[in-house]
Every structure is written in C-alpha cells, then in structure tokens.
C-alpha cells in the first residue's frame, strides 16, 4: 500500500488514489464489456448528432464559383451553419472540456494546484460557453438553396470539396431521373426514400432530433423530479402526503394519453415537445429520490449536519443529493430510452416534429404505413437505429443497476 | 395457518376463473346473438319489403295491364305514350318521359340479369354527418346519391337532361322559367307522395341562411323564386338566363317536408344522421367506425333496385382496402397508382377482377391556390415564374407513376370546356429566375429573395391525410429553395384546413376540386365570390375573366359557350392564380362476379347499372 | 377484508377529484381555446360575422357560456363540469358531433378486450419463463432469457407493427393475417365458431404487438422474487421433508412470490392503454387509443378531456383491484 520513499518530500503518503463511492460505481459499470460497448455507441451517436451538419450536407466546404469577376472562392458549408448547429458544437465542446479538465487535475500530488487549475479551466470553459452562446444566438441563419452539385457538373464551379455524404436531409434527386425507392448503391449508401432523398443522410439527421429531444426532455424531467422528490423526502409529513398524491395523479393518466393531451393543447414545435416530455416524465425520478432521501435522512452525518446548523439548500444539494442520486441515474438511463421511443412514436403517428425535419418515427411512417406499398428496405434502417439506441440505453441502465446494487459493492 | 394459500383456495380460484370465462363467453355470445338477430331482422324486413313491393307491382299490373313491345319483353309499367322531346310553338323546349328513363348500358336487357345480392364498397373516410345539403365529404355524397333523388337526371351518354322525379319539364325560350310536372307515382320511402310542396320546401331549406350549406347555396343564387302552382306542378324562375339552369333546378335533391320540417332550423345543422328521400335505397344502419348499410327501399316508386343491400365499409388505408378486395370482403376498390402497376397485369388478378383506367369528369383537379392578397403573389410574372420552377411531367411520372394528366387550366381535360390547344408552362428554372428578377426580386445576403421590405418566405398549408400531397410539397419546397424562396409546409387536419380557407387565413394552400361535366366557373373565379362565401379563396379579381364568366353563364348556345369557356381558360391560365397540377386517372378494380360495369366515356362507371347473375350471387 | 376494501375505495376518491382538477386546469390553459378546429361553416354571413358565430359555437360547446351567452366564472365552470360528469354527460365531440359518452362506450370494450387478452398472454409467457430462469439461474437458460427479454423490451412497437403488417398482412409477401379492423363484412351471417375464429384471426397481430414488450419487466420481477424465496429456510425444510421439487416450487415458493406479480398488473395497465394508441392506429382498430389520436389531430378538446379522465379512472380502478388482491393474498399488507 505504501511506496518506499522519504516522507519529507511529500505532503501526504502516496498510494493508490482514494476510492470514492463514485469511482467504485464507475469501475463496476465499466467492467462488463457489453456496457462499455453500449456507452461507446451512445457516445458515437451523440457525436454524430452534433457533427452531422459537417458530415451530411449538399453544400461543399469550399468551392470556386465562376462569376462575372472571375473565379471566386466561397465557403458555403461554414457560412450556412445555423444557430442550432452552433449550440450543438458548444454543448459538445463544453462536455468534452469538462471531462478533459477533470482528467488533467486528477493527479493526487497536486492537491492545492489542483484546485487552482480546476478553477482556471472551469472559468475558461464558462467564458467560452457564454461567449459562444452569445455569438450563436445573435447569428442569423442563412438560407441557401443553390444546387452546388449541378453547378460543378455543368462547369460553373470547380475545385469543390464536398462533405463525406453529399446529401442533406431534404434534397431530392431530380424527378426526371425517377430515382425514388432505390436500393443501396454507390451513390446512395442506403438507398433513397419515396421522394428521392438519401436515406443515410436522413438517418443521421434524425439522430439529432432523437438525441436532442431525449436528453433535453430528461434533463427537464430530472430537474423537476429532483426538486419535488427532495422536498418530499426531506420534509416528510404534509409535503410527503401532498407530493405523493400529486405523483399518483400524474401517473394515473397513461403517459401517452397525457402527452397527446398536451400536444393538442400546446402545439408541436420541437421545444414544446421537449418541455412536454419533461413535464410528464418526472414522477419516476421523484419516487426514487424520495425513497433515497427517506433512507439517508436518518444517517449520522446528515443528523450532524443539521445539528451543525448548515443551511437547508446546502444539506440537500451538497450532502444528500450526491449520495442519493445513483438510483435516479439508473432511472435516467431507462428514461432516456423511453423518451426516444415516445418521440419516435409521436412522429410515427404524425403528431411529432414537423415535416421536413427527419425523425426515425417519421421515416418509419413513410416506409411502413399500411396505406402505401411496403418497402421493407426503407423500413429497416430507422427501425434498426431506434432499436440499437434503445437497447444501448437499456443495457447501460441494467449495468448501472447491477453496479449500485449494495450487495455487490465492496 | 388461516391465511395461507392452500389447495382449497386454488380450487376456488379455478372455479372463479371458470365462472369469469363462462361469463365472458356468454357476453360474447350475447354480442354474437345480437348480430344474428339484427341480421335476421334485416332479412325479415327485406322479405316483407319485397313482398310489399311485389304486391304493389301486381296491383298495378292488375289495374293498368301489361304492354308488350316489339322485342317481346314487357316494360312492366303502363306506357301509354312514348318519350317526347320537342320544341313547342312558343319556342320553349318540352320534354316528357312517361316512364323513368332507363340507363344507356341497360342492365335489365342483359340475358343473365337478376336482382339480388349485396354490393360492398369501401369509403376512404367516415363522413361526419349525412344530412342533406350540409357540406360534407365525398363519402357522404356517395351515400346520399342512392337515397336522395332530384327532378332531372343526366343521361351519361347523350349528356341531355331527362326527367326523373318529374314527368315532364318545360324550359321557356328565354331560359328564365322552368316548369316541372311531378310523377304521380313518385313517393318517399316513408310512403308519402312527392309533391310540389316538398320541392318548394327543399328549395327553401337550401336557401335558408341559417342552414350550413353556403358553398352549395352559392350555386342557387340565380334562382329568383320557386313556386308550387298545384299539387304536382313547380315553377323555377331565374334572374337571368343561365346555362346551367336546368342542371341546377333539376339537380336539387328533394327532401320530404314531413320529415325535415324541424321547429328550430338549427336542428337541421346539428342532427347529422337523418337521411330520408325518395331514392331506391334507405339508410338502414350506421355502425360508427365500421360501415353504413343501405337496404332496398320497399316502397320505391321506380324500377326495382337491383341490389338488396349496399354496404359501405370505412377502410381508410388503401392497402387494407386492396387486401379486403383480394379476400372478397369488398367488391370494388379504387387503386393507388403503385397498386395498379403491380396488379393490373397480373394474370391471376385479372381472372378474378375487372380493371378499368379512365379519366372521368368527376375527377376534378389538384392545385395550389395562391392567396392573391398576400404581397408575394400579387404580381403575375412572379406567379408564372413559380409555375416554371415545378417540373410537372416529371412529378406525374415519378410520384403518380404516370397515372395522371397535367392540367392547363381550371377545367378537367375530359370535359368539353377544356381547350386542348393550350400549351402548358414549360419547366425552365433558369428562365424562372430571370422572370423573378424582372418582377423586382433580388437576392439578399441571407440567401432569400427580397423586394423592398418583403422577404420571399411563406407557408404552404396542406391537408395532412394526403401523403402524396406531402411529397409534392417537399419537392416544390426544394425547387423553390434553389431559386431563393423559403416555403414552409404546414400540414393541417382537413376540417381545420377548410376553416382556415373560409376565413382566408393562409398564404398558399394545396387542394383539389372535384368536377362535373360542365363546371360553372362563377363560384371559384368570379371576383365577387370572395365576399359571398363562395369558393374564390385566393381572391382572384380579373375584369376580363369576370366579363367572360358572366357572358358564358348567359349563353345558352352550346358551341358559343364552349368558345367562351376556352377564352376564359386561356385567360385564367395566363394569370396563374393557381399552380395547376394534375388530374388523376380513376383506377378501378371490380370483382368479376359483377356484370355490366363498363364505364361511360365522360362520367365513368355507374354503380346503378351493375348486377350479379343469379348463379354468381354471394350474399342473400 | 370488507373493511379494507371500503377504506381503499374511499381513498381513491380524493385522487380522482384531484385529477379532474388538474385536467380542467390544463385544458383551460390552452391558447386559442375557442378557435379549436371544427367543422362549423357559417351561413350567408360575412367573414367577421362568421368568426363571431364560430367563436360562439365553440364557447357553447365547451360550456364557457350559459344559454343566454353570458360567460360563466371559472370556478362555476369546474363544478358545472363535475356535475355533468356525475350525470354521465361527458360533453359533445366537435369532430364527430356526437355525445362523447356514446363514443367512449362504443370504443371502450374494444380496447379493454384487447388489453385484457394482452395482459393474460404476458402473464402466461412471463411467469413460467421467470420461474425457469430462477430455477436454472446462472446457466444458459437464464442468460438467454435475460438477453431475450432485454431485446424484446427494446424493440419499438412502431417498427414491429410496421414490419408485421408489411410482411405478414400484405398480399405481396405473406398474407397470413388481415391488416385492418376487427371483423369481416358479413358477421351476421356467420356461425358462432366462425365469428370467434374470425375475431381471433383479426386480433392476433395487435395483441402480439401490445404484449411482447411486457414480458421483460414481469419476467425479471418474477425471477427476482423466486430467487429470493428459493434459498430460504422453509424451502430447504420442504425439500428435506422429501417433497418432490415440483411440489415445492409450485406450492410453497409460488405463494410467497405472488406479491410482485400482482403489483405489476397495476403498472402494466397504463402502459397497455398507452400502447393501444399506436397499435390501434397501425391496425385501424376503432378503440379508445384511436379516438384519442383522432381527437389530438383535430384538437377536439371535449373528447381529450374526457379521454384523459376515463383512462385515469380505468387505471385507478385497476390499482384498486390490485390492492384488494394484494390484501387477499397477504393480509399483513396495509395500504400506504
């Protein structure tokens, strides 16, 4: 356990890094290989959903167009990124930044410097985030419908570097070529749908909708559930009674019915769907958190904290929450799976996201709707994508559940 | 010990479950028995009705005798005179048919003709209500066509008007007055005779502002009055000569005053399910979500209806309808182009089903209506440029598999109103961009076209239950985007869409009109129709078109009128208030046991002519 | 026992009343309440008057004004609505122009029957499966069952339904099942056996689509509770006594593991109701789910209000039954 070495040169004895509760849990999660694969898959889908405007679009990165003034260099793809794309990049960069910052400041012999560095890095990240958000929000989305590929073909442009997948989610093959419902080919790696659009590109763009709605709605639900559950669990008594009645009332209406009710009332924009899914899905988290808080409340350290006179919010969120959060995270993983499923079901029924925005459920509807001829090769990709992501979330959730099972933690 | 779940409890549980299952089965058999009883009752009613009508015919034969004609077959009813169609000395036209006219493709004359069997068809959507006059979907009109009747009927081959409920009609020389004499034997399904009072009542109900039938009412605005001269004589007077006068006055569905005279007229709008008329079938049963069943009118005054029952099943998706057709659960189906392509050459399919493909006058056309009050569509050159951006022929070939014909104006290609010489606007995106520039649009820094302060960004409203419409809209969106126009697609429920159209709350809307043999363009194209709740949704206001419309309506001479319509079509097409799209073919497959299904050249198939020979009859 | 039942029923009412309040509040928050989509087409009036007439019509339909046209205060609206519900009047649908009660009564049995059959099938498959997995736990059957149920749980209903219809109910591939509806045309001319078998043939695919997702959760719970009870003292005693393993399993272990199985009925019912919406849309079955979907599309608020309430009532009723069964199986349990 200890390494031989003069004690004078170090502040603290060296040894393996202290095993916190979280590191024990994380270690147990990562051990089964299936969970690792699933986490990697989820990460891959997230990465795709963030970077898809750079991967699958019909606008080239750089192109030289012949104008009256000669050959002019333009950068259509970068010029046409929208606010949403920028927000996605910022979100991804922030997450990556935080992970990297934590890894950098992990070494045990840097206790004081660690804190300093962590603070600096966090400050840098925050300012970057705020600055980037400001830029993104003030940015005006540019609308560009020019057909660059035909320009290249006809010779009006040259030296164009296109994205790996040359189709956006709405571009159709010219109707004169009658290229609808095609099987996979070299031009279209997964074929075309019934309007002549590239299926692979639509699948990648649809992952954006699915992941976006899934994560944001569950974040909202998590916040709501934690608030209500914490209050219920900590105070008990009348809060608990009323809170549990509220939870029962919301749970009694089948989730789908409740969601349809809200959609009929409030409309169907993406933001509204996120909020609706969040507002209807918080009850599970509240229940779990309440159970955990009821258990933790009587433990010694919490009693000591109360006796010591710590303010309420500090007890709740600094001391109780980090320890009570684990079952909620398990639930969150399953909740993400549920949110993706519900979003695709809504799009399948036709009350989800609006038309040009692709969604896996919408693609399934177009392909597998019983009112039209059935093209099975169009119904396969979105179905498989949905299945895999839900399976991944479920496996991760199961692994988490096994990991926090108190019988197996040593 | 006392609370354990022992073997005794298990036995009790099993007995309990058995009782529950037996209860369930009993309830189920109750349901089944109810179905059986309903069926039996219906059969009994049919038999009784059959007996009554046979008795009635026998009594008539006894009274009037039988007249044998040259072919040795009997006409069955007293025929003291032949059909008359002549011009009277004062210039008015007089038409008298002592007996109701027989259809040109006469089923009764076929050697294997037989009464009986059911005709089961499918309807795409369930109608909300089937009250007469109140605006409704095509499904409701299909059902009403067998239950309600009108004074005249149009011969599908000669396209002339023949008297049906009326025995004779007289059209005055100036076209302003039509006098109808009703048949003595015409009666409603409740036994009461059809009198002039009922005709006047029907007219009054139609014109009553409190009744929700504004779109149909606008057709009748030219009628000055409708008066009963005696128990069986009715006179329609028109404000001005109108080419469709005979069609309008003769096409009014006659409803019985004894049934529909509600104390509060608002009940007419809210009732929804009362359908009583003089037609060959009566409404028997409407099972919500499943089907509507019409049975033979036992008291029908005219030639005995051929089928015992007309069943309309609600099958909203075409694939299920095709499946039902193949399984023999429905007898006729309208196919989608992709289904047609797959099946109509298939040998085993043709062994069991007769297929027809034709253009009928009732098909109407599909279009996008521009709201001409909105800033983007005010300029004609812009509208023409928009039409140039859409490759119609390729759209038809790809999305409709070639099963449609491009429209070049507001008339159905098969109708005589259509001028076949008008050339469609060619697909030319480059020229479209030049035209847009000429119209004053210039490309802004955000990639969209600008003209002054107006940005070329608008919304296209489409009915959401129309998947083909969505594909077309997405295609058009892409085409417009390549020219710098941002079009957003708003799918809406059909009833909400109609509301928005009524209130003119739209930028552009994708719709279709159904048609008839000769359309009166007044409701759709006349500038005044915008205010009068007519169908001029886009506020089309063109003096030349107005002049041609008014003139055409007044012209009673057929050739002159067609010439005016051709001019009108050229003008409307030039102005492009709509983006005219296409008229689709009717693709029909009918079960082979049904005979005499040949379609008429202009109007298509007519189910009233079909019959099933005795040997092939399936339902009793 | 009767005591318990009565107390349990009494406890249900506050929840139900609270639910009506929530539903009422949510519906009243709708923006543009009186311009919901309708089929009202005005008579010969101008556009402005048409709008006014439509607004008045909607207000009367939604009971926002009384007969003379005066607006009713919000609180009175709520109690008015409660009174009408207690009388059985759930309002009039805007899309169908029919009383909602009639629509619901037509469609409710359809959905309930399909859900009941699905529930039975879920139990028939999952309980023996869970038992097997527990008895052979750690071995291949257990693992396979675990993975299989996980996979089944992750399959989206929309995909399975579309593929099922596309392949199994399609004349182009295998025309084994019908693709829409619940009855054939000529039901009144069939014998009872034909009627039942026709119904079963129509119902197979929808029930399959509804039930496959429920196996996983139930099987896992059954397995868990069986595992708990397999290593207890009384099991060991029973085996030591010389009872055959099947008797031990089926009699002693089962009756102690019944509790979770019963709880899950309560949790599966709302899930089945929600799944009905999709299944009924895919297979064109006229049930409650389809009504809800059509009402959402047409923004038919009276129907949506009533459907939320009816489905909540059904769920609460199933909770009630579950609690009673709970108490019957193990009277040590009291409600919480």
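Chains: A, B and C, in written order; residue numbering restarts at 1 for each.
Here is the rule we use: a contact is a pair of C-beta atoms (placed from the backbone, for glycine too) under 8 Å apart; a residue touches a chain by one contact, two chains touch by 3 or more.
This one's a predicted model, so the numbers in the text were calculated from it and none came from an experiment.
Between chain B and chain C, the least number of touching-chain steps is 1. Innermost chain of the displayed assembly, by C-alpha centre distance to the whole-protein C-alpha centre, is C. More inter-chain C-beta contacts link the pair A-C than the other of A-C and A-B. Centre to centre, using the average C-alpha position, chain B and chain C are separated by 39 Å.
Averaged Cα coordinates give chain A a centre that lies 30 Å from the centre of chain C.
Each chain gets one centre point, the mean of its Cα atoms, and the points for chain A and chain B are 51 Å apart.
Shared interface positions of chain C, defined as residues touching 2 or more other chains, are 169-170, 172, 179-180, 284, 297, 299. Counting partners per residue, chain B has 316-317, 319-320, 342, 464 as the residues that reach two or more other chains. With touch defined as above, residues shared between interfaces to two or more other chains in chain A number as follows: 350, 369-370, 373-374. Contact residues on chain B toward chain C in their complex (touch as defined above): 3-5, 7, 28-29, 32, 35-36, 38-40, 42, 120, 128-129, 135, 208-215, 217, 270, 272, 288-291, 311, 313, 315-317, 319-320, 322-324, 326-327, 329-330, 342, 464, 492-493, 495-496, 498-499, 502-504, 531-533, 619-620.
Taken together, the chain C residues at the contact with chain A in this complex read 14-15, 18-19, 22-23, 26-27, 29-31, 150-151, 153-159, 161-163, 165-167, 169-170, 172-173, 179-180, 270-271, 273-275, 277-278, 281-284, 292-293, 295-297, 299-301, 304, 307-308, 311-312, 315-316, 319. In the complex of the two chains, the chain C residues touching chain B come out as 37-47, 50-51, 54, 95-98, 103, 106-107, 169-172, 175, 178-181, 183-189, 192, 195-196, 251, 255, 258, 284, 286, 297-299, 329-331. Contact residues of chain A toward chain B in the complex are 80, 140-147, 170-172, 174-176, 178, 180, 194-196, 350, 354-356, 366, 369-374. By the touch criterion stated above, chain A contacts chain C in their complex at residues 245-246, 248-258, 260-266, 337, 341, 344-345, 348-351, 361, 364-365, 367-370, 373-374, 376, 379, 382-383, 386-387, 390-391, 394-395, 398.
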